[in-house]
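Once you scroll down, you'll see the structures, which are given as structure tokens.
In the two complexes that follow, subunit A is the common piece, with subunit B as its partner first and subunit C second.
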Partner chain A sequence: MTGLLSSSNFQWVLTSAVLLGMAAGMVGTMANLRKQGLMSDAISHAALPGVILAFLISGEKQLPVLITGAAISGLIAAFFIQSIKRTTRIKEDAAMGIILSVFFGGGIMLLSIANRVGGGSQSGLDRFIFGQAASMVRMDAYIMGALAVVVMLLIFVSFKEWKVVLFDPRHAKMMGIPVRLYSSLYTLLLVLVIVIGIQAVGVILMAAMLIIPAISSRYWTHSLFTVFVLSAVFGGVSGGIGTLISSSGSNLPTGPFIVVTSSLIFLLSLFFGTKKGLLFRGEKLHANRRYLKQGGDHK
Partner chain B sequence: MSVLTVQNLSSAYEKKLVLDSLTFSVNEGTLTGIVGPNGAGKSTMIKAILGLQPKISGSIEFFNGNEKKINQRVGYVPQRGAVDWDFPTNVLDVVTMGLYGQIGWLRFPNKKHRQLALEALEKVSMSDFAHRQISQLSGGQQQRVFLARALVQDADLYFMDEPFAGVDAKTEKTIISVLKELIDLGKTVMVVHHDLQTVPYYFDHVLLLNKELIAHGPTNETFTPSYLAQTYGGAIQWLGRDNNDRSFVQQ
Partner chain C sequence: MSYAGWILLTGALVGISCGLTGVLLILRKMAMMADAISHTVLLGIVAAYLVSSSLDGGSMLIGAMLAGLLTAWLVQWFESSGINTDAAIGVVFTTLFSIGVILISTSVGNVHLDVNHALMGEISFIPWNVIELPLIGPVPSATLLLLIVTIIVALVILLFFKEWKITTFDPALAASLGFPVLLMHYVFMTLVSVTTVAAFDAVGAIMVVAMLITPAASANLWTDRLSHMFLLSALFGVASSSMGYVVAIWLNTSISGSMAFSTGLIFLISYFFAPKHGQIAKRVYKTNEI
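Up next is the complex of A and B:
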């Protein structure tokens, strides 16, 4: 373990996993507030066929090529879900169910084709399903970390606009904020975080990185800014710890350990969260009962 | 002077026409009640005027067209249900959002903006709630927060979508006093309103709408039994005035 920590390659992988976790927590907060948690799950599953196709076409496992493929198929999936919702009587959740399974099934099918024709160079592609941070080379870590920082900056510099677009898009439009542009940018950020994360976390569990930190942070605060900061912290910690654990043994997948870590944070938040946590609520209820028994003045 | 000119405005949901070639203009300093049955297109009309709902045809001109930055001069108070009140933010923050059009990109609200927001909260008797999480407000308080968010913007033309719906007496009183104050300042306000009994007491102008424009003008000329019968398709009884000289209108 100590040997691993002092390897500079691993330090980069760890740093980028933390940055990814932070960016995912922040974008997840937006998805959560737009009630689109499941959308992130659909897009990440839908990224798989893009990865494999990019590999089949280019013939090599270059991360920039693979994540471009992932982004394209993720965006196509998002577009299909929206068009199904708009043009048919099918509701959004059903549309997501259809697209998610069709794209993921297609991805698995393409993977089995790649396994036949790849002649060895395809080995490791299946890591995109559960994710393996340790398999990343330094260049991958650079790309992932840099893009995660870009995502966070884009959210931060326009925080005021994001806030009103998320809370009340009509009011935002009245204020002259280009709501359509922000909606497109949001989809782009969501897809970006997902595709840079799938190598480390895997397409199946990527959605957890977006959703769990975001919902955990709501138990601690009523301020949007703090929600974003806490989601970033929870996401970063989960990303870091998950990567550490999975790298400590050979062939341990990263995604599941990240999810387990963030789920522990969620459980802590659920019970001990100072604003919506169960214990806090119980304490309030108790105080109210006490007060009623005493029959004191209302405060 | 006209602050709003609407010509041939039509709008539809899917294939169903909900607004049929409305043409009217609104004079500066008037307080207009927009009245009509459910589904008459009252909210849709406001949204279409504000560009929040696509229109099929028609043109809309604010302030005779000599104004470029209309988004700061036109305020909108939506129905309370338009947003998720569980959103992580507090009252002062929501009101400050009314200034976002003026603060500009890459800048954040400062002390001055918060001061303006507090003054707007004062006008709607919500100062004590400035730091309250918005999920902990009653319906009437939510309505007053939306009103304060529009007031802080200091617009010249306001649209309000059923501000009196389901609010308590205190909120109703606050809204009326705010409306009076706005008119005294020479501003123009259009309000979607459901309670026919109070129409003649609250508004100096009335716009009767049921997909088409039935009538628009000073209250004593338009709020008449025959126009109302046209608007509500005859399903209305005009019972005259009671002892306190209040109109007795029933649907």
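Up next is the complex of A and C:
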């Protein structure tokens, strides 16, 4: 373990996993406010065929190429979901289910073709399903960390605008904020954070990195800014701890450990959160009852 | 029966059982719940394996049922504590699924259970794993399980057709008339988990989602009658599984992936050509009205 920690390659991987967790926590907060948590699930599953297709076309496992493929198929999926929802009577959740499973099915078809064409050495592609942070090379970690920082900066720089756009798009429009631009930017950030995360976390569990820290932080505060900061902290901590655990053994997938870590944080928040936690709420209920029993008058 | 025959039959049974259950999922706006349950069933199977240390159909079904009910219950609990549905589903299934994956990759290890199998299914191995039945002879055990589940699903839907109809379309009215709406909800969740686990072996978790949602959504574009929707959805399920098999053999690729992809092709056709709710029909209506 100490040997692992002192290896500079691993330090980079760990740093980028923390940065990724932070970025995912922040974007997840936006997704959660728009009630689009499962959209990220659909997009991350739908990224799989893009990854494999990019590999089949380019013939090499270069991360930037694979990420571009993932982003393109993720964006196409998001577009399809929106158009099914808009033009038919099928509801959004069913539309997500259709796109998610059909794209993933296509991805699995391509994956087994890629495994055959590329010979037995393509096990590297399988790791996109569950994530294997430990197998990342230093270049991958650089790219992942840098992009995560870009995502966070984009949110911080125009935080005020995001706030209005997320809570009251109509008011934002009146104030002259280009709401459509921000909506597209949001989709772009969502897709970006998903595609940089899938190598470490895998397409199946990427959604958890966005959803869980975001809802955990809601139990501690009512201020939007603090929610963003806390989600980033929770996401970063889960990313770090999950990566540490999965790298400590051989062949332990990273994604599940990150998710379980962040679920533990969620459970803690659910019970002990100081603003909406169950204990706090129970205490408040109790105080109210006591107050009513005393006849309701202040003394 | 021949090797291909058994695979086609198994695929058809997956199509029918998922197609029937899927209709209710779509109409009750619970499509993503199916996604959640299809993932958490994995934990149920692993837990059943750890308890009974065997992988027979019975213990798997019970484990899956419990996992499905646990999922439904947890999601409802989180919802009532103020988390929106989306996020509640997202938290529950990713967590339970992760626990399942971790259990497999650490303790159960190489013992017949592996994650890829659970996700993608291994329909091509099904015909080899047979049990002897009196009178009929050797039958693949997964196919037999699917047959039983398909019959149960069809019976439960047929026997309570009126109840399903009213609790699905107007739960408030159903409750005021004294129908057990909540009980029906949990019965339905059980039905989804049982269907999922039976189809699991054949097509894997993710493909179950395709089979549950897509044929039913396609059928929803073709008809406004509930009974017709059930029939069409089952038909589309069978058609996409057979089509998927043929394509998979032709391209020499994953059978379950190709079956899931085929449901998408049928949806694409329905999206454009379905009468009344298809895109082309809609255009025609519009111009006629003007």
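Couple of notes before you dig in:
Keep in mind that, in the parts below, the second predicted complex is superposed on the first by the 294 of 299 C-alpha atoms of A that agree within 3 Å, B and C clash if a C-alpha of one lies under 4 Å from a C-alpha of the other, contacts with A are read in each partner's own complex, and residues count from 1 in each chain.
Here is the rule we go by: a residue touches a chain if its C-beta (ideal position, glycine included) is under 8 Å from a C-beta of that chain, and two chains touch if they have at least 3 such contacts.
Everything numeric here is computed off the predicted structure, so don't read it as measured data.
Steric overlap between subunit B and subunit C is absent once the structures are superposed on subunit A; the two fit side by side.
Judged by the touch definition given at the top, the superposed model places A:Asp168 against subunit B, while subunit C stays out of reach. Of the two partner chains placed by the overlay, only subunit B lies in contact with A:Ile177; subunit C stays clear of it. Contacts of A:Val191 after superposition: neither subunit B nor subunit C is touched.
Greater residue coverage of subunit A by touch, when subunit B is weighed against subunit C, goes to C.
Of the two partner chains, subunit B is the only one that A:Val157 touches; subunit C does not reach it.
In the overlay built on the shared chain, the residue A:Leu125 is in contact with neither subunit B nor subunit C. Touch criterion met: A:Ser223 reaches subunit B, while subunit C stays clear of it.
For the pair subunit B and subunit C, the least inter-chain C-alpha distance in the overlaid model is 8 Å.
Shared contact residues on subunit A (touching subunit B in one structure, subunit C in the other): none found.
The part of subunit C that touches subunit A in the complex is made up of residues 26, 29-32, 34-35, 39, 81-84, 86-87, 89-91, 94-95, 97-99, 101-102, 105-106, 115-116, 119-120, 206-207, 209-210, 212-214, 217, 220-221, 248, 251-254, 256-261, 263-264, 267, 271, 277, 279, 282. Contact residues on subunit A toward subunit C in their complex (touch as defined above): 32, 35-38, 41, 45, 84, 87-91, 93-98, 100-113, 116, 126, 129-130, 204-205, 207-208, 211-212, 214-215, 249, 251-253, 255-257, 259-260, 263, 266, 270, 276, 278.
Subunit A makes touch with subunit B in their complex at residues 33, 157-161, 163-164, 166-168, 170-177, 218, 221-224, 226-227.
For subunit B in complex with subunit A, the touching residues are 47, 50-52, 69, 71-72, 74-76, 78, 82-84, 87-90, 93-94, 97, 100-101, 103, 105-109, 133, 135, 149.
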